[in-house]
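Heads up, there are several structures right after this.
You will see subunit A twice below: alongside subunit B first, and alongside subunit C after that.
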Partner chain A sequence: MSWTEHAPILIIAAPLLVSFAIPLLEKIDYRVRNAAAVLSLAFSVWMVLIVLHKIWGSGPVVYVFGAKSAFLPLPSGFKFPVRIMLEIDNMSAFMALSGSIAAMVGVIYSWAFVREEEGGLGKYYSLFLLMAVGMLGMELTGDAFNFFVFLEIASIASFGLIAYRREDPASIEASFKYMIVSTIGAIFVLVAIGFLYGRYDALNMAYIAKHMRIGIVERIAFVLLMVSLAMKAGAVPMHMWVSDAYGRAPAAVTATLVSVSQASLYGLFRVMFSMFGVTMNNHFGGWMLIIFGLLSMFIGVTMAIVQKDIKRLMAYHAISQTGYMLLGVGVGLAVLDNPVALRSYGLAAMTGGIFHIMNHAMYKGLLFLTAGAIFYRLRTFNLNEMGGLARKMKYTTIYFIIGAAAIAGLPPFNGFASKLMIYESVYKFNPLLSVVAMVVSILTLASFVKVFHSAFLGPEISKTRDVREVPKSMVIGMGIMAVICILFGLFPGMVVKYLAGPAAVSLANQTGYISSVIGGGM
Partner chain B sequence: MFYDIHYVTIVFLIALGIYAVMFQHNLIKIAIGIDILESGANLLLIVLGYRNGGVAPIFTMAPQGKSMVLPTPQALTLTAIVIGLATTALMLSLIVMLYRHYGTLDTREIRRLRG
Partner chain C sequence: MKPMSKIVRTVAASIGWFVFVFGIYVIVHGHLTPGGGFQGGAVMATGVALLIVAYGGWGAERCVGKERLPVFESAGLLTFIILAFGGACLGITFFFNFLANKGGLFGDKLPLGINPGIFNSAGVIPLMNMGVGMEVLAGISLILFAMFYGTKRVREGRCLVDNEEKEEDV
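Presenting the complex of A and B:
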C-alpha cells in the first residue's frame, strides 16, 4: 500500500485541481500561477512514468474509483460492472506520455508567448489545463461514457482557447466552425454509447467487448463511433475544421491541440481494436482506416503546398501526417484475424503507426511553436512578409530545421524511423500504399523547403530588420521537443522496444484488454 | 400501436437538428439545430432506461412490488444536459462576438477562412 497505487488518477487529478485553483493563485502573483501550471503537468508526466514502470512489471493497471473491484455482486451472485474505472495498458500509457509532455511544453512556451497585456491569462491557463485533463482522461479511461465526458471537456476547453485572440474575427470564426463540427461529432458518440448501453446494460468498455454480439445496432454504433472519432482526429474527408482551428489558435495551444486530436485517434483505435476487434468484420474496419489514411495523406499535402499562411500550411501537413498513423494501424487491423500475416508485417505496421503518433506530437508541436515564435516577433503568418530570419533568430531556425527534417522523414530524426517502419511493413501488405506514402513524404519535404527558403533565407525585408531572438521560455519549450525529436531519431530501437512495440501488442491483444478487467472467470 | 412513438420522435429530432445545421444560413438557427440534436440524444438515453409503469429510481422510497426505471441513463442524461448547456452558452457568446465583428448572422457572409 503505497501512494503510487493512486498514480493513475493523480495523472488527471493534479492538472484538474490546479486548473480550478488558478484564479486564486493568480491573486498572489502571475509567476506563482504559471509555475503551478507547469509543475502540475510535470507532475502528470512523472505519474505517467510511474504507471508505465508498473505496466512493464505487472501488465495493465486497472484503477477503480472508490472501491477494489469494478463489479458489484448482486445477491443472486451475478456480478455487474457498475463502477467507473481507469484502464491503462501500454497503449494508453504511451499516448498519455506523449500528450502530457506536449501539454507541459505548451505551458512552458506560453509563459512568454502569451503576454500579460493581452488579458484573460488566468482563464487561458485554466482552460489550457482543462484541455490537458480532457485529453489525458480520454486516453486513460476504461468507461465509454467517461470517455464522452472527457472528450467534451477537451473540446469545450479548446473552443475557448482557439478563440483566445478575440479581437481577430477569423479566430472566432475558426472556433465556431470547430465547435459546430465537434459538437455534432460528440452527440453521435453519445448516441452510439447509448445504443451499446441499450444492448449490454453496461458502460464498461471491456465488459461490452466481452459480450459483443454483432447485430444491426452494433453496426450502427460502430459506424457512428468510427466516423465521429475520425472527424475529431482530423481525417479527410472530415478535415475542414483542422486548418482553421490549428491555423488560428495561439501557437502554444495548437501544439497541444495536435495531441488532443490524437486522443480522439486513440479513441478510434480503442473502439476498433479493443471493443469490436475481430468480432466485427475487421477487413472492413481496416480498409476504412486505410482509405481515410490515404485520402488524408494525399489531400492534406496537396492542399498544404499552395498555402501562403505558415500555420495553415503546417495544419494541412498535420492532416497529412495523421494519414500515416491511420495507414499503419489500419494495415494492422486489416490482418488482425490472420496470425501469420499479423506477425510477419501487421504488428510492425501498427508499431510504425503508433510510433508515428508520438513523433508527430513532438515534431509537429515543434513546428507550430517555431511558427508561433515568428509570429511573436513579426505579428504575421504570411510567408511573403518574411525573409532572412536565419540571421536574426538562430535558435528558432535550428529548431525549424530539426522539425522540418523530422516531418519530411530525413535521417537521423524521429520521423525517418517511424516512416521507414510504415513503408517496409505496408509494402508487404500492398506495395501501392507504400508508394503513395513515399510520394507524400517527398511532397512534404518540397513544401517545407519552400517555407524554409521564403521565411529564413534570402535578404531581410524592412519588416524583419530589427527582429531579435524570442524570450527564454519559448526557446526552452521548443528545445525540449527538439531534443526528443533527435533522441527518438538516434535511438529508435529503444523506443520501439519499450514504448511503441508493447503499445502495438497490447492494442492488438483484445483478450488481454478484456481479461485485465474481468479476470479469467465470467 | 404507438409503442415505438418515442423512437420515431428521436429520429425526427435528430433529423431536424441535422437539417437545421446543414441547410440554415442563420447562426442562431444553427445553434437551435444543435440544441434539438442534443435533445434527441438525451431523449434516446431516457427512453433506453424506461420501463412501462416504472417509478422514479429513489432507493429509499421504492414501493414494494413496483418496477423502477433504470437510474444509470438518467444520470448520463443529467451529465449530457450540463455539457449541452455549456456548449450552448459558449456557442451563443461566440455568435455575439461574430455579430460584433461582421455585423451579420448570415453564414454566407462570414467567410474569412477559405482554401
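Presenting the complex of A and C:
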C-alpha cells in the first residue's frame, strides 16, 4: 500500500498540522510562516486531485479513523459502523476541490494584503487554516456529529477573522451578529443530530439513511437541519448576516468565506438527498429549495442594486447567486422519484446547480479580491469615492471585467455555462422559474456595469492620483481564479463530464452512498 | 484589578498549588476516571484565575509567564496532532492507537473483567489528554488575561498604579 492510501485524511490533516505549528514557525521568520500556510493548502489541493483520480477509478473512497485498515468501514465483525469515517464521493471531492483552491488563493493573496504592521498575523493565518480545515471537513465527513464539529470549527474561526480589522467598529458588529445567528443555527443542527441519534443509535450518515423510517422525530430533524443549513448558506429569508460578514471581513477572508458558506450548502444537499432522499416527501423538500432559491435570487439582486459600498453590493450578489444553486438542485430533488423526468431534465438541472457552486466560488472570490485590491490602495469601499482606476490598476481592471462578465453570465466565461444549463433544464420543469432566473441575471449585469463605470471608468479624481498596481502576491492570487474562470468557460463540456456531471449523479444516487459504507450485505 | 490583602494573597499562594495538582491529576487519569485533558486544563486555569484575583493581573502575569503561554498552547496542539499522525506514519491509519497493548509506555494489556484501573494502559490516549490539557490551560489562561486587559481600569491606564502599590507592599 502506498502512502496515497492516506490522501483523504491528509486533505484535512496537513492544514491542521501547519495551523497548530504556525505560532512556532512565526518565531523563525514571517516568510516561513506564510510559505508553510500556502504550501499546506497547495498540498491539500494535490491530495484532493489524487482522491478524485481514485474515485474515477473505483468509486467512492472511505477512510476510517483509527482502524486496522483505512478501508474497513465495519471492523471486527460489527454490524454497524462505530468509527468516525470520511466518505468521499464525486460530490464531496468536487466541493473539496473548489474549497481548497479558494482557500489557497486566499492565503496567497493575504501575503501582501494583510500587512505585518497590522499585527496578530500568526493568529490570522492559524485561524485562516482552521477555517479551511472546518470547510474541508464538512465536505468530506461521513459522520453526522463530525459534520457538526467541523461546522463549529469553520464558524468559530470565521468569527475571529471577520473581526480582524478591529479598528473598524462595524467589523466587530458584523462578527458579533454572525456569531449569534450562526451559534443558534449550530444548536439547531446539534438538536437535529441528537434526535436522529436517539432514534437510530448511530451517527454515520449512511447508516441513518439506510434505516430511515419517517416519523414525527425525523420530520422535526429534517426541518431543523434544512432551516439552519440554509441559514448558514445565506439563503433568503435568513440572509441578514451575509451582507455584514462578507462586507466587513478582510477581502482574502471573504473570498474563502464564500466557499465556507457553500460547505453548508453542500451539507444541506447531502442531508436532503443522501440522508432523507425519497423516503421523505421529496416534492416538499425540492419545492422548499426552489422557493428559497427564488427568494434569494430576486431579493438578493434587488438589494444589491441600491448599494454604494462595493463589498456589500457583492455580498448581496453572493446571496443572489446562491439562489441559482438552490434552484437547480431543488428542481433535481423535486423530480427525484420520477426516473423519466430525472433523466430528461432533473440531472441536468442538478449538474447546472452544482457546476454553478464551483463557478461561484471562483468568480465571486475573484470579485471580492478585486474589491480588496481597491481597498488596499484607496482604503475605502465607497463607490462614490472611486473613479478612473482603469488607468492605474490594469491587472485589477482586467480581473474585474472577467469576474463581472462571469457573474452576469456572459460567454465565454464560466457563469454562462452553468447558468445556461440551469435555464434550459428548469424551463422544462416550470418555465416561470427560468424566466425569473434570466431577469435576475440581467439585473446582475446592470449592477456590475454600474460598479465598473463608477470605479474604473471616468477621469481620475484627486484621491486616485497616486494609486499604483497592487503587489505581486495579490495579482497572482487573483490571476489563479481568473484563469479558472476562463478555462471553465472555454471547456464547460470537460468540466461537466469529469467533475459536475458525476457529482450530480452521485448526489442523486442514495443507494450508492449507503452501499459504499455498509455494503450490500445487511 | 488591585492586589488583595496579604491574608488573601498568602492563602491563594498555598491553595493555588492544590488546584494545579488536582488539575494534573484529572489530566493524567483521564483514561481511567471521569475527566480528561479539557476538564483538567480548565481546573488548572482556575488556578490562574485565583492568582489574577489575589495578586492582580500584572502580578499574575509575571508569576505565570504570559509570553510563554502561546508556545505552550501550540506545543499541546502539536503533541495531539503528531500523535494522530503517528498511526498514519506507521502505515496503519490516522489516529490509530499505536502504543496500546504493546508494552512500554502506557502499553500494559488490560485483563478482562472488573479491575481497579491500570494506570499504565490505553496507549496514546493519556498522551493526547496531556496535550489537550496543556492547550486548554494555556488557552483559558490567555482568555482570562485578555479579560483582565479589557477591564476599565487597565484601559484607562489606572492599573499601572496597582503595580507600584504591590511593589512597595511586598
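Rule of thumb we're sticking to: the second predicted complex is superposed on the first by the 511 of 522 C-alpha atoms of A that agree within 3 Å, B and C clash if a C-alpha of one lies under 4 Å from a C-alpha of the other, contacts with A are read in each partner's own complex, and residues count from 1 in each chain.
One rule holds in what follows: contacts are C-beta pairs under 8 Å (C-beta built on N, C-alpha and C of every residue); 3 or more make two chains touch, one makes a residue touch a chain.
These numbers come from a predicted model, not from an experiment.
Considering only touches as defined above, state whether A:173 meets subunit B (first), subunit C (second), both or neither.
first
Between subunit B (first) and subunit C (second), which does A:24 come into contact with in this model arrangement: first, second, both, or neither?
The answer is second: A:24 touches subunit C but not subunit B.
Per the contact definition in the header, classify A:156: touching subunit B only (first), subunit C only (second), both, or neither.
So A:156 only meets subunit B here.
First (subunit B), second (subunit C), both or neither: which does A:248 touch?
First partner only, subunit B.
Could you look at A:191 and tell me whether it touches subunit B, subunit C, both or neither (first, second, both, neither)?
first
Using the superposition described at the top, determine whether subunit B or subunit C touches more residues of subunit A.
So, of the two partners, B touches more residues of subunit A.
So, does A:398 touch the first partner subunit B, the second partner subunit C, both, or neither?
After superposition on chain A, A:398 lies in contact with neither partner.
Taking the superposition on A as described, I'd like to know which of subunit B and subunit C A:291 touches: first, second, both or neither.
In the superposition, A:291 contacts neither subunit B nor subunit C.
First (subunit B), second (subunit C), both or neither: which does A:35 touch?
neither
Just which bits of subunit A does subunit B share with subunit C as contact spots?
Of subunit A, no residue contacts subunit B in one complex and subunit C in the other.
Under the definition above, what is the set of subunit C residues touching subunit A in their complex?
Within the complex, subunit C contacts subunit A at residues 70-71, 73-75, 77-78, 80-82, 84-85, 87-88, 91-97.
Under the stated contact criterion, what part of subunit A meets subunit C in this complex?
Within the complex, subunit A touches subunit C at residues 1, 6, 9-10, 13, 16-17, 20-24, 63-70.
Note which residues of subunit A are touching subunit B in the complex, please.
Subunit A residues touching subunit B: 145, 149, 152, 156, 159-160, 163, 166, 169-170, 172-177, 179-180, 183-184, 187, 190-191, 194, 197-198, 203, 243-244, 247-248, 303, 306-307.
Using the touch definition up top, name the residues of subunit B that touch subunit A in the complex.
Those in contact with subunit A are residues 14, 18, 21, 27, 30, 34, 37-38, 40-41, 44-45, 48, 72-73, 76, 79-80, 83, 86-87, 90-91, 94-95, 97-98, 101-102, 110, 112-113, 115.
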